[in-house]
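Each of the next two complexes has subunit A plus one other chain: subunit B in the first, subunit C in the second.
Up next is the complex of A and B:
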């Protein structure tokens, strides 16, 4: 049988401890079985994972771009950052913006960062050249200021950066990484992993082109895709209200007086974020981009209704400190409820009056969490450990963050290793076929992550959006490599199973079992506790010890 | 009337979302590769140094910069090799590669910075309107780039401005 066609990719391995970097081709069997993107990234994470003894040890980080990153496809903008979470399980982020395309134009598809740097440093990737540079002067800087200062230092506005904020440096277990204004969605402590490695940022600049195999056909096909995406119900909803008001289009008017236009990632036609400029308050003059509606709802719950300016300002501070928006919302709300009931006094809060009306105090508390000062240092331990420290043992306190997830969202979150990007846009599903729909979504989203395209405009959300067949065609027209839809599906299933294995081996907390979740596990070929069955491992070529 | 001849690329920076699709479309169509460097049109993100703070919201803008196909092209005036000619069909200024010396004088004199340099070929390149069907305008998802007849070219802009004026009239004076 002739060998199957497989994509090629270049992998840069950087050892922060020795300062050595080397670039090689992606191993043929990885390219063959996982194709690329996050799927190949998960395999690289397995290959390069340090067996960690210390939860906050400098575990290795893999950054992966997709097969079509920076190419002619709808929103082919994604970068996937993967590592092991300080809280156990995997940490991962999918970042849009322009970082991924720039990395590919710089001649690299995957980066593997191992070891720990002696002092705070940043990585510079410039047209295939990789350097480790001193970042001690950036210590304590916000994620946004770091990006801005690196562009100044390198004297190039086209440099794209990925950075951590003070929270990552201080190893806050729910710190994230940020690129551009892309919000740090739930990442399970990826920022802390960067911090543990003394890695403040990654700056990339690429001027090399990515050759397109069939340029005119690829452009035509892309135009066709774009037209159908924009005509779809989901596309229209995202375009009109953005991700931030996806749940309630009428509320979109609330943002009108702050909005200074819309923004999209590389090559995206849906521009799902509003750009805003804050005119008053502690963040006056700050520029930001809106979050998705789940995150907005979490902060609406902190401040109360019709507090758009406060919610937007919270977005700015989360972004600046590099904190997980959902986890932080839960902690702030909890601290506020303790304060209101006198469980926390002014002495413990360090003089902060934690009232919903006092947003300056809320933002200061966020800063203290990010910098690990006073009460912030206690809260940075996370809800459970913070409760042990500040509450008597017999005290029950249930003021927690309720995301009000519908059944489809709840299942997708419980079944996923990473927080799915599409979660906020999932319509409630009926009980029937809930698990099958969730598994199909996970497969399709993983296939989109192989290509490096944003899953908000794929069949993950609606059947009239591009799915496996269209993905296959896009890959062919751009790269000339034939990857049949079934092979994409199989690679996605393999990646999901490997993700699952790695997540369990690294001590991920198990989600409570529900009948739809058990059904999902069965569809994926896993046992009733979500452990991949031996025959599944065999079928996917993951062997006894993958 | 020859339709292409009297059309012009119009850009409205207020509508641009900075997705840069025009740039990769341009480089793919003209050079067969996605690359910002190889694009005739350049979207300048005026946020480079201002990711964190701005004094004026108007500073935050994505400004498309490309050849205006001037009626009195300075690139042509200053080219020592007479390598720039107007295409009679599309009225676009085109580089004659048999003549271009790669001296980059045109880059110096162009008031829009629209001349670009190809380091591999060691010659300049510029927007030549894709034989009368500019792909960037075709692919622009937000309507920020359009290829319109010259005499109505600023109608979209007037439309945007008119909405702003209506808004201003609605706001009661403080």
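Up next is the complex of A and C:
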């Protein structure tokens, strides 16, 4: 049997403590087994994980781009940032935009960042050269301003950045990283991991070409894919209503008076994001982008219905501070409820009148959470620990944020180690086959993450969208490497199992067991508590100690 | 009718009007698909630095402007070229650069008021949009419809239609609804 073809990738390892960086090829067995993208990233995280994990220690970070990042495939734009979460388990972000393609044009596919820098710094990757630069002047700066300032400092509009805001610097356990105007949702403290490493931002710029094996065929095939995606129901929904009102096309008109147009990630034909200009309030004149409909639902619950302007402004502030939109909404909602019940007084809120009608107070509270000031410092501890501090032991306040997740969404969330991007767009499934559908989606989404393409326009959401067979063809036409659909599926299963193992070993909180979740575990070859079975580890070549 | 016949028989008029790429920045989503397909189809590589169309992005204000050849009637790029490499293509009526003749002096890059030609660091010659031989790939690839390829004499048609539609809606709206 001839040796299997394997993709190649270049890995940069940067030690922030010593300032050393070295670039090497991805190990052949990792490329063989995990192919690339987030799957290879998870293996690199395991290889480079710090052994002792203390909460908010400067844990190691892996950034991975996919096999097709920046190449001829629908929305081949993704970057996956992976680490161990300060709260236990894994932290991760999948970022669209332009960072991933730029990193590949700079000649690198994966970055591994170890150690802690002595002072606040940023990483500059420019055409294969890696430098650690002083970022002390960026201390306390918002994510958006940081990116803008780096572009100006480097005098290059094409520089792409990934940055933390004040929340990450202050180690808020639900701080995220932002690239462009990303929505830092459910990254499980990735921003705090950056903060603990004194890593304010990563700036990349590349002018190296990525050779496409069969250029004309790849372009033609991509045109065909794009046509079918745009003709599909999901495609039409994303194109017309975008991610904000995906669930409610008619409501999309609510955003029209704020919108200055749509925007898309690299090479994406669906433009699911709105660019909106804030006209009034404390953020007047600011530009916002990317509020997905789960985030919108959470902030609708904070402000009440028909408050489009306030929800959009909240999106802007969350991106600026680098705060998780859902966690933050829950905390703000809770603080408002305590304030209404007189459990929090003006003295404790520092004079903030926490009413739904008072946007300015709500945004100021978000700022204080991000900067860890006053009440914000207490809330930044998270709901449970904040309650210990500000509520008498016998008081229970159950004000919570119901996102009204349907059964399919609930199961996908419970079964996933990382926040599934497609969650907001999941239609409710029937009770039958719920687990099988969820597992199939997880495999397909992971395969998309191997390629580095956005999973919103894949078979994850509907059978008429590109799936394993099409992924395989895209990889072949772009790279010339034959990766059969079954091999992609197997690599995805291996990555899901390794994610699971790593997440459990690092102390992830367990999701409540439900019959569909147990069935999902069974399909994945894991036991009834979600621990991968020995025969599964054997089958996937993960051995006794992978 | 008379005017129509005159138009047809006017000997000074070229048989066909040149085509031009028309860009609508309001529709552009900044996704850079045009840069991708342009560089891949011309160089076989994904490499925006070698794309003949570039999106000028101002992220802080959310403004995206794809820029490429405007197909000037009096094309300065052809006038400044000392090597005779940059000349109007007889069929497409657009300036194209012959890489075999180009001496890499970058005069066209500097002279173009729209910054359309670029210096290709790999081939070491100036490059510019050549309409992909008559079927520009960026037009087909732009799903936002921000780039179109139209006859120069029909450039303002869409504007006129828009205005007419607006007036119809305003004046006849009651009757048509």
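Convention: the second predicted complex is superposed on the first by the 545 of 546 C-alpha atoms of A that agree within 3 Å, B and C clash if a C-alpha of one lies under 4 Å from a C-alpha of the other, contacts with A are read in each partner's own complex, and residues count from 1 in each chain.
Operating definition for what follows: contacts are C-beta pairs under 8 Å (C-beta built on N, C-alpha and C of every residue); 3 or more make two chains touch, one makes a residue touch a chain.
Because the structure is a prediction, the values reported are computed rather than measured.
Placing subunit B and subunit C on a common subunit A by superposition gives a clash between them.
Legend: residue contacts after superposition of the two complexes on their common chain; A:142 is shown touching subunit B, with no touch to subunit C.
After overlaying the two complexes on the shared chain, residue contacts for A:482 are found with neither subunit B nor subunit C. Shared-chain residue A:275: touches subunit B and subunit C both.
Once chain A of one complex is fitted onto chain A of the other, the partner contacts of A:404 are absent, as it touches neither subunit B nor subunit C. Annotation: subunit A residues 70-72, 98, 101, 105, 144, 147-148, 151, 157-158, 180, 207-212, 215-216, 218-219, 223, 226, 230, 260-271, 275, 277, 287 touch subunit B in one complex and subunit C in the other.
Residue ranges of subunit B in contact with subunit A, taken from their complex: 14, 17-21, 24-25, 27-29, 31-38, 45, 47-55, 57, 60, 135, 138-139, 141-142. Within the complex formed with subunit A, the subunit C residues making contact are 26-33, 36-37, 39-41, 43-50, 56-62, 64, 121-122, 137, 140-141, 143-144. The touching residues of subunit A, when paired with subunit C in their complex, are 70-72, 98, 101, 105, 144, 147-148, 151, 157-158, 180, 207-212, 215-216, 218-219, 223, 226, 230, 260-271, 275, 277, 287, 289. Subunit A contributes residues 70-72, 98, 101, 105, 142, 144-145, 147-148, 151-152, 157-158, 180-181, 207-212, 215-216, 218-219, 222-223, 226, 230, 260-271, 275, 277, 285-287, 320 to its touches with subunit B in the complex.
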